[in-house]
Amino acid sequence: MPSTSTHSVLLHAKDIGLTINGQSILEQVNLTISAGEIVTIVGPNGAGKSSLIKTLIGIQKPTQGRIHRKPSLTIGYMPQKLSIDDSLPLDVYRLMTLTRTASLDDAVQALARTGVEHLIHRSVQNLSGGEFQRVMLARALLAKPDILVLDEPAQGVDFNGEVELYELIQKLRTELGCAIVMVSHDLHIVMAATDQVICLNKHICCSGHPESVSQHPEFTQLFGKEFAPALAVYTHEHDHTHDLGDCGGHHHD
Amino acid sequence: MPSTSTHSVLLHAKDIGLTINGQSILEQVNLTISAGEIVTIVGPNGAGKSSLIKTLIGIQKPTQGRIHRKPSLTIGYMPQKLSIDDSLPLDVYRLMTLTRTASLDDAVQALARTGVEHLIHRSVQNLSGGEFQRVMLARALLAKPDILVLDEPAQGVDFNGEVELYELIQKLRTELGCAIVMVSHDLHIVMAATDQVICLNKHICCSGHPESVSQHPEFTQLFGKEFAPALAVYTHEHDHTHDLGDCGGHHHD
Amino acid sequence: ESLKVAVSISPLHSLVSHLGKDVFEPSLIYSTDQSPHSSALKPSQLQQVVDADVLIWVGEDLEQSLGRLIEQRALKSTIVQLFDENGLTGYEHGLKLLENRPSLFPQQEGLHDDHDSHDEHDAHEHGHDHGQLDPHFWLDPLNAIAFSKAVAEQLIQLDPSHKDNYEANLKQLIIDLNILNRNIHVETAGLKTKPFIVFHDGFQYFEATYQLNGIGAVVLNPEQPPGPKTLSLLIDAAKNYSVTCLFSEPQYDARYLNVIQSKLPFAKIGVIDTLGSKLEPGPTLYFELLTQLSASMSECLE
Amino acid sequence: MIDLLWPALVAGSLISLLAGPLGSFLVWRKMAYFGETMAHSGLLGITLAVLLNWNITVGIALITSMLALLLFALQHQHRIPADTLLGIMSHGSLALGMLVLAFSTQIRTDLTGLLFGDLLSVGSSDLWLVAIIITIGLPLLITIWKPLLAITVNEDLAKAEGINTSLIKVVFLLLVALTIATAMKIVGVLLITALMIIPPAAARFIAKTPEQMGVIATIIAVLSVWLGISGSWQFDAPTGPAIVAMAVVFFVASVAVTNLKQKVN
Amino acid sequence: MIDLLWPALVAGSLISLLAGPLGSFLVWRKMAYFGETMAHSGLLGITLAVLLNWNITVGIALITSMLALLLFALQHQHRIPADTLLGIMSHGSLALGMLVLAFSTQIRTDLTGLLFGDLLSVGSSDLWLVAIIITIGLPLLITIWKPLLAITVNEDLAKAEGINTSLIKVVFLLLVALTIATAMKIVGVLLITALMIIPPAAARFIAKTPEQMGVIATIIAVLSVWLGISGSWQFDAPTGPAIVAMAVVFFVASVAVTNLKQKVN
């Protein structure tokens, strides 16, 4: 069983399944997120990570299963892909205060944490890819939500920025006490800064503490042995059997 | 001077400058790209990498300087950001053959090289972030252009995919003999698979072979000493002097 | 078999019905509630037009969809059109045509007020543009007689075997029209000095025949709103002449008239229906139409 | 002069207050042709009202609200863009209206009246109506401004961060529908839609934030109304077209100045 | 019956051949209201033609082409969306047309005729004109199809990969403008724009590629014409509205079936 901490449970997903146009995208996903926890979802492209996140925060309705959210849970979300139409004059400050209010000072401070405080009055449509990503991250921080949900936050962020970003996420948890759910492909860094890793490939292949997960055969099948230092093997509880080729491919049934 | 190989010169940029709305984005960029060469542009977010690429291939007009392209040069381009409207029914095969014709077999083969041949008949709007990136890459390969221009090709691609991708790029150069210009933040991998590194921060801070560049003080200033193994120092020829803080900051003048 | 005659609008259809009594019954193309200006044709209307031996209409200024059809299709029918944009087409028989007027009508002698005498001059200056003849000619019973004569002549030419019927019908119709004319003269005799304003100038033939005293129209073309100065001049003139009656038309919004009315404490708004939209098509329609017109005028003006 | 023109000035200025900010959303949400659609559906509304013996205003309000809800439902799928949806609804309801009309004698409609209805003919009861729309509509719009803007930027983001997107969208659509349905009876569709989209478009080149765009659009709309009405008095031109032409002048000036600035830099 | 209706059937079917694929681009490029804009500018064209003693068709063609070029120029900036630009041009030219008209009395324009023009009154010279448009327009459209599609997906990409984006876009805009300008004289704007946007919208739910969408849209358009004309004959209803209503039926069916399928899955 995933180690549910003693903290209060913010969100609990039970037997989630998602099928779009007859195509199964998620199957039998069970998940619990508690306050102050950093959960990282890893998995190959097309594994359903973004879909899972959207289902958890209520953008996408699951076709099976149920999701319990703590009443009046506030969510900060940073989508994987976002494009803002040119017809809308929108500067960075206004984007950051879109759904919540914040003073200019607070906004600058949040931007400073992601290294882009000089962009505060720039038009969002003119930002470079990495600048936009940093702004969106600062925006998510600013809201001080109960859960911060980040879909590939480091995508397009430069080398230094990426390192700083994961340090920042660590810090945030202690400062704000919020839970952080993120998707990332950067296994090096993820492994170092995560409480719970969920390895997804349509269903949850394995989950648990980073050290244990990295030893799991399905994990090494997906990501190679490079990330298998040495520690206890965590066994997940599926009611079906796995052969080795199972989770590595794209078609798991 | 950048080492121009004995191969034929495909593209030559002379004293390129770009100013948009009074804001200087590129300054005094000189650049030569020869056939069969892999050129990687690195630099912090907002350094002007994407702008430089767009200027080189003629999407953006430079406000200063001139660009010479070999007559009838064919270009394969993979932009950093691309969103396709939902009103257009477009499957992967059709996207790949948008500007050039290719048989279904060839398209499948190209997709197979980026590991997503099973997506050939999927609608592009439903692809996951990484799947789309892989498809766009396969699309760029399929065209067999003289220059392949890739703006952060590995963005959103999963861990295994990223490793394979850089191997693929190496292979392509020898197979197709085309030049490859790419932007990347993944310094580890870039360093291993590049002929010429251009370190950009509005202007070219330093450029040359990876080993030499990684020793350059401005490079270490930008990216930390981690990437400075040991080799000759390449000195670039600016007509202005640098102090140490120069290239690391966002405002260089 | 008898002659197939199709007539575009109901007042003309009524006159032709008289002429065809005992010989043929003309068909009506635009039903009374269909605006000849903007309605698209239905298949049955197309059939009617294509089948007709004789097609009688006013012209493309009025029946626009019919105009397109006549222009496009090679029709077998004889087309009776009394005038086009260049003037009379040779059927005249005494048809009197009027030019479209500016918003503030040039006044008849004697009713003139000095300050707007330039209007008359204007009307002459624009007198020879295209499309400047007012097509609502049938509102003058004498024009109705001219029209009937022209149609009868055509009918006799096309269907000589019924010459006697046509001549007799025409004779009777002329008598009836003259009686109608006289009656309306009597009814409107007391209205001659009473000034009024109409919504759009679709009605000057009636006005001219009975020497009524319309002083202006809010719009010249119902699709074209007036300028504020025009409106203000109309209001001034209305005050000047102590207008007590404003006429709206059932198919158009009376909103401008309401504005003018708000500046004229004693003015009423009456309704005139120049197309007879509520009347049953047939021989009697024309007579009902004009009677109704004069009745609504005297009701409002008295 | 003022005597004749002041109702027009007041009504035009009041309507501009709502047209500026509401129109900005129409521009952002690619619904510039909402007004046109409402006008065309108005024909159907009138026809039905006459057939079923309703009050005509009720008929129009009902049909336009239904169309707004239909638009909401159809926008859930993302494959047909907003302007095409509006086009389908506009042409569809116009065609339906004409068909119903063809089978029901004795209904006369003044479509051109709906299209070109005129500020000059505004009376005091119209002024009251406009005042009522403004006092209800403006606070309502201000209330939904922030969440609606978030939805406009990105619907997923807004939903994730706790906004009831469906509710806000429905309120917005109904607000626009009813505003246009009422205003078009008074000033005509040409003027109300032009006031809703041209000033925001002109403001786009100047504004740095959505709020600025709303405010600048309102200012341009009010100026267009005043200058347009003065011009129309000066040259005895129809008022509505004069105001629209004035707004176009502002738009052209805005484009020209922006282009010139870029050239200079 | 056929004897009476065949010109309408032929003209409608021929126009559908071009309306399907051309309309698909209008939907993709968010220009559903291009036809409406052309119709409104038509008024200005007619007015100017009468004033300057030109042939009316020349006047319309000139103004619509100029508007198409203006649209091209204005689309270079990306801050005003296509539908708003069309709205501005449409209302602007209509207002201008009305102003010019106001100062030149005695010009009669038939705006409603342009809007509701009549398929039933199509004659042989019209058929020739339609045939000419098709024989020029269809091959031209097929020639620019591929590059235009690439531009529609992403203009930067198309440009980088060697497409002369400006040329293709101008050709496309002129082609649509001239097609609509001619067709609207013959069948009316209501019908031509409805045939251009409703069938592609219906086809969107079925098609997997752009080419399929163009072809399916054409089929739906032709079916709408045939069924609409038969229905109009059956019930003696106005033809244009009957065809539009038929196309709407196809659209509704397409939406319904798609939704049902998703529910079942």
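We call the chains A, B, C, D and E, going by the order they appear; numbering starts again at 1 in every chain.
Heads up, the rule we're going with is that a residue touches a chain if its C-beta (ideal position, glycine included) is under 8 Å from a C-beta of that chain, and two chains touch if they have at least 3 such contacts.
Quick caveat, the model's predicted, so the values are computed rather than measured.
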Label-sorted list of chains bordering both subunit D and subunit E is A, B, C
In terms of CA centroids, furthest away from subunit E sits chain A
Heading the list of chain pairs by contact pairs is D-E
Taking each chain's centre as the mean of its CA atoms, the one lying farthest from the centre of subunit B is chain C
In whole angstrom, the CA-centroid distance of subunit A from subunit E equals 47
Between the Cα centroids of subunit A and subunit C the separation in whole angstrom comes to 77
Between the Cα centroids of subunit A and subunit D the separation in whole angstrom comes to 42
Cα centre of subunit C to Cα centre of subunit E, whole Å, reads 37
Two or more other chains are touched by the subunit B residues 85, 87, 89
Among all residues of subunit C, those touching at least two other chains are 38, 40, 42, 223-225, 227
Subunit D touches at least 2 other chains through residues 27, 30, 79-81, 84, 98, 102, 111-112, 116, 204, 235-238, 240-241
The chain pairs that touch are A-B, A-D, A-E, B-D, B-E, C-D, C-E, D-E
Note: in the complex, subunit D contacts subunit E through residues 27, 30-33, 36, 74, 77, 79-88, 91-92, 94-96, 98-99, 102-103, 111-112, 116, 190, 193-194, 197-198, 200-201, 204-205, 235-238, 240-242, 244-245, 248, 251, 255, 258
Counting only contacts in the complex, subunit D reaches subunit C at residues 1, 4-5, 8, 98, 102, 105-108, 110-113, 116-118, 120-124, 229, 232-233, 235-241
Subunit E partner, complex, touching residues on subunit A are 19, 21-22, 85-87, 89
Touching subunit B in the complex, subunit D uses residues 78-81, 84, 262, 265
Subunit A residues touching subunit B in their complex are 20, 43-47, 49-50, 80-81, 83, 116, 118, 126-131, 133-134, 152, 155-162, 185-187, 222-224, 250-251
